[in-house]
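Quick heads-up: structures coming right below.
You will see chain A twice below: alongside chain B first, and alongside chain C after that.
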Partner chain A sequence: HTAENTSDLLQHVKFQSSNFENILTWDSGLESAPDLVYSVEYKTYGERKWLVKESCQRITRKFCNLTMETGNFMEPYYARVTAISAGGRSVTKMTDRFTSLQQTTIKPPDVTCIPKVRSIQMIIHPTSTPIRAGDGHQLTLEDIFPDLFYRLELQVNHTYQMHLGGKQRDYEFTGLTPDTEFLGTTMIFVPNWSKESAPYVCRVKTLPDRTWT
Partner chain B sequence: GLKTLHLGSCVITTNLQEMRNGFSEIRDSVQAKDEIIDTRILRKTESLQDTKPTDQCCLLRHVLRLYLDRVFKNFKTPDHRILRKTSSLANSFLTVKKELRLCHAHMTCPCGEEATEKYSQILSHFEELTPQAAAVKALGELDILLQWMEEM
Partner chain C sequence: GQEFQFGPCRVEGVVLQELWEAFWAVKDIVQAKDNITSVRLLRKEILQNVSDVESCYLIRALLKFYLNTIFKGYLGKAADSRIRKSFSTLANNFFVIASKLQPSQENDMFSISESARRRFLLFQRAFKQLDIQSAQTKAFGEVDILLTWMEKFYQ
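Entry: the complex of A and B
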C-alpha cells in the first residue's frame, strides 16, 4: 500500500458468485484516471504464495472470472486486485475470505411449462455447475446440495394459489379451467445453507376444450 | 435441522444448521480480524473426515475442548452482537462436548495414535500464534470445523 491517498483508484473488491460461477469484481473511485489498469492474483487461505491469474493482468475491465481457480467449493480463498495508473500510482486491495459453498447464490431454475386442456405440466431441468467430480463429469446443484428441493406455485386467481413441491423434477397442476391464463412460479430451496433462488416465472394458457365442438 | 454425526461407534445428534446460521452472521466480521492469511489452524491434512472412524470422536472432543477453553474464552471484541453470537456458539459446542463425553464414558471414544498425532498438529499450528491472534483465527475457521462435522 502506498502512503498517499489512493482509495479513489480501487474499491469494493469482492467475489460475486452464483451457481458456483465465481467472478471477482471491483470498482474504481469517482474521479479515477481513465488510463487505469488492473492485475489479479488469488490464493487458497493458509497458503503463502499468491498466484497470478494470467488472463487478468493489466486489464482495463473491472471483473475477472476465477471460477476454475476457486473450484474447490469447500475451500476458502482470497483474491486481490492491484490498480495502477499511468502516472505510477498504485493500490492493492483484497477480498474477504471466500468459500463458494457458503457464499454462492442460487439462480432461478430452468423450467418448461407445458399447457394442456385441464392441467399444466412443469418440468424442471437439472442445473449443472462448473464444478467437476473426480471422474470429470459436471456436478449439478442437486449433487452438491442433497437437501435441495423445489417449490412450485400456480396463481389461479387473486385469492387462490395451488402449491406443489418436493425433490422430483416433474410436476402437474390439474383440475384447471380450459382456455385460461395462469402464472406459474418455481423456486429452488437449500435449507441446510439457508439458500433460496429467485423465482422462475412462466405465464401460460390452458388449451381450449374441443371435445364437444 | 438436527444432524446425526457418526464418529466411529459414537453416534450423536447436533443442530449443525443452527450453528452454521449463527456463524454466518458474524463470519465476515470475524474473518476480517484475522490478518494472518498465509497460515491456517484447521488444515486438510488433519481433517476429521480423513481420520479413521475409530479416532474421529477423540479428535473432535479435543478440538472442541480447544475451542471452549482457548478460543471462545480468549476472543475479545467490543461488538456485543458478535459476543452474543459467539457465546451462543460456545453453548452449542458445550452440548456437543457433553454428548462426546458420554461416548467416552461408554468406551466408544478411544484416543488412538492418529487422533493424538493430528490433534498435536492442530495445537502446534494454534500455538504458533499469540493467544489472541490464535483465538481470532480459530474462530474465523469455525466454518471449516462445521464442514468437517457436516461430513461425519
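Entry: the complex of A and C
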C-alpha cells in the first residue's frame, strides 16, 4: 500500500504582508479543484494549541485575512491550512515562522502633488496601519518605525533630477519653468529594517505664468 | 553613530542592521529545521520588563551561552555556506558585544544580577529539555527574538 500522494492538493502556504496587513495565501496544485475546501488555523510560536480561524473554515477561496490574529508585530506566528477533497483526501501544510515587523513590505505612500506657477508642492499623508496602540488608536508607519524617512525626486528632463528628503511630510520643488510637465516620485525608507516602498508617481504640470498678460 | 546602551554598559562599533541582514539571509532555512513549534526558548517572561541596569547582566549571559553552547556546536554541522557566512557575522558581533560588556560586580548590585540570572536560567532550562541538536537549531532560529529585544537598547 503506497502512501497516498496528497501534496498536489495544497502548495505555497505563506503569509503575504504589506503595511502590517497579513494575508494567508495558498495554491492548489491541481489544474482545477472545484470540490476542494480549506480550513485555517493559527498560533503564536511557542504555544501548544492551534486556534481555529472561524471565518476561514471549509472555504473554497485560497486566502484568509489573519491581520487581527497576528496583530502583535513583534511576535512570531505560524498558520496552517488543511485541504479536503470531496473524496476525503486531505493534507495539512504550515507556513514558515512569520513576524510581521520583519516581513511586512511597505506600500507606496499616499501623496498629493500640487502644481503652482514655478514650483510643485508634495504633501505626504501619514500611512495608518491595522496595529493599535494600548489606548486603541491606530499606529502609523512613522509610529512603528522611528527611523522612517521619505525620499522625493522630480524628473526635470532626461538628464536632470531634483532631490528632496527627510522625516517631514511637506516638500516643495521650487525654481521650475511655468506651464511644463514634470514627473514626481516619492518613496518610503526604513533603514534599520532594510525596507523601502515602491515609488508613488505623479505626473504634474506647472501653471502658466499670467503675470504680464 | 549608534551604540548599545545596556544600562551602564555601552557598546560601540556594532551595526545592528548587519546582524539582522545576516540572520534574514538564513532565517527561513534555519527556522524550517525547527519543527517543534510548541516550544520557545526565549519566552516573553524572560525578556519582558527587564530594567536597563539588569539588561547588561542578562545580555552578557545570553551572548556567552550563544557563543559557547550554540554557535560553537552548530558551526561544525552547518553544511550550507550561506548559513556559515551569516553564522560568522553573528558570532563575531556577539563576541565583540559580549567582550565589551563589563557589568558591575558591586555587592549592592547582587539582587539585580540575581534577577538576571533567574531569567537566564529559565532559558537554559528550556534549552536543556531538548536534545542538543534540536536545542541548538531552535536557539539559532530564535536569534531574531534576541535581536528584537536588543534593538530596544540600540540608540
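Here, the second predicted complex is superposed on the first by the 206 of 213 C-alpha atoms of A that agree within 3 Å, B and C clash if a C-alpha of one lies under 4 Å from a C-alpha of the other, contacts with A are read in each partner's own complex, and residues count from 1 in each chain.
By definition in this document, a residue touches a chain if its C-beta (ideal position, glycine included) is under 8 Å from a C-beta of that chain, and two chains touch if they have at least 3 such contacts.
Everything quoted here is computed from the prediction, not taken from an experiment.
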Next item on the list: Could you check whether chain B and chain C clash or fit when both are placed on chain A?
Entry: clash
Next item on the list: Tell me which partner A:133 touches in the superposition: chain B (first), chain C (second), both or neither.
Entry: neither
Margin query: Counting contacts the way the document defines them, which residues of chain A are shared by the two interfaces, the one with chain B and the one with chain C?
Written below: 43, 45-48, 74, 76, 78, 96-97, 99, 101-102, 191-194
Note to self: Could you list, by residue number, the parts of chain B that touch chain A in their complex?
What the structure shows: 17, 20-21, 24, 27-28, 31-32, 37-40, 43, 140, 143-144, 147
Item checked: For the chain C and chain A complex, residues of the former touching the latter -> 16-17, 20-21, 24, 27-28, 31-32, 37-40, 43, 141, 144-145, 148, 151
Notebook entry, point to check: Of all residues in chain A, which touch chain B in the complex?
Noted result: 43, 45-48, 74, 76, 78, 96-97, 99, 101-102, 191-194
Checklist line | Residue ranges of chain A in contact with chain C within the complex | finding: 43, 45-48, 74, 76, 78, 94, 96-97, 99, 101-102, 191-194
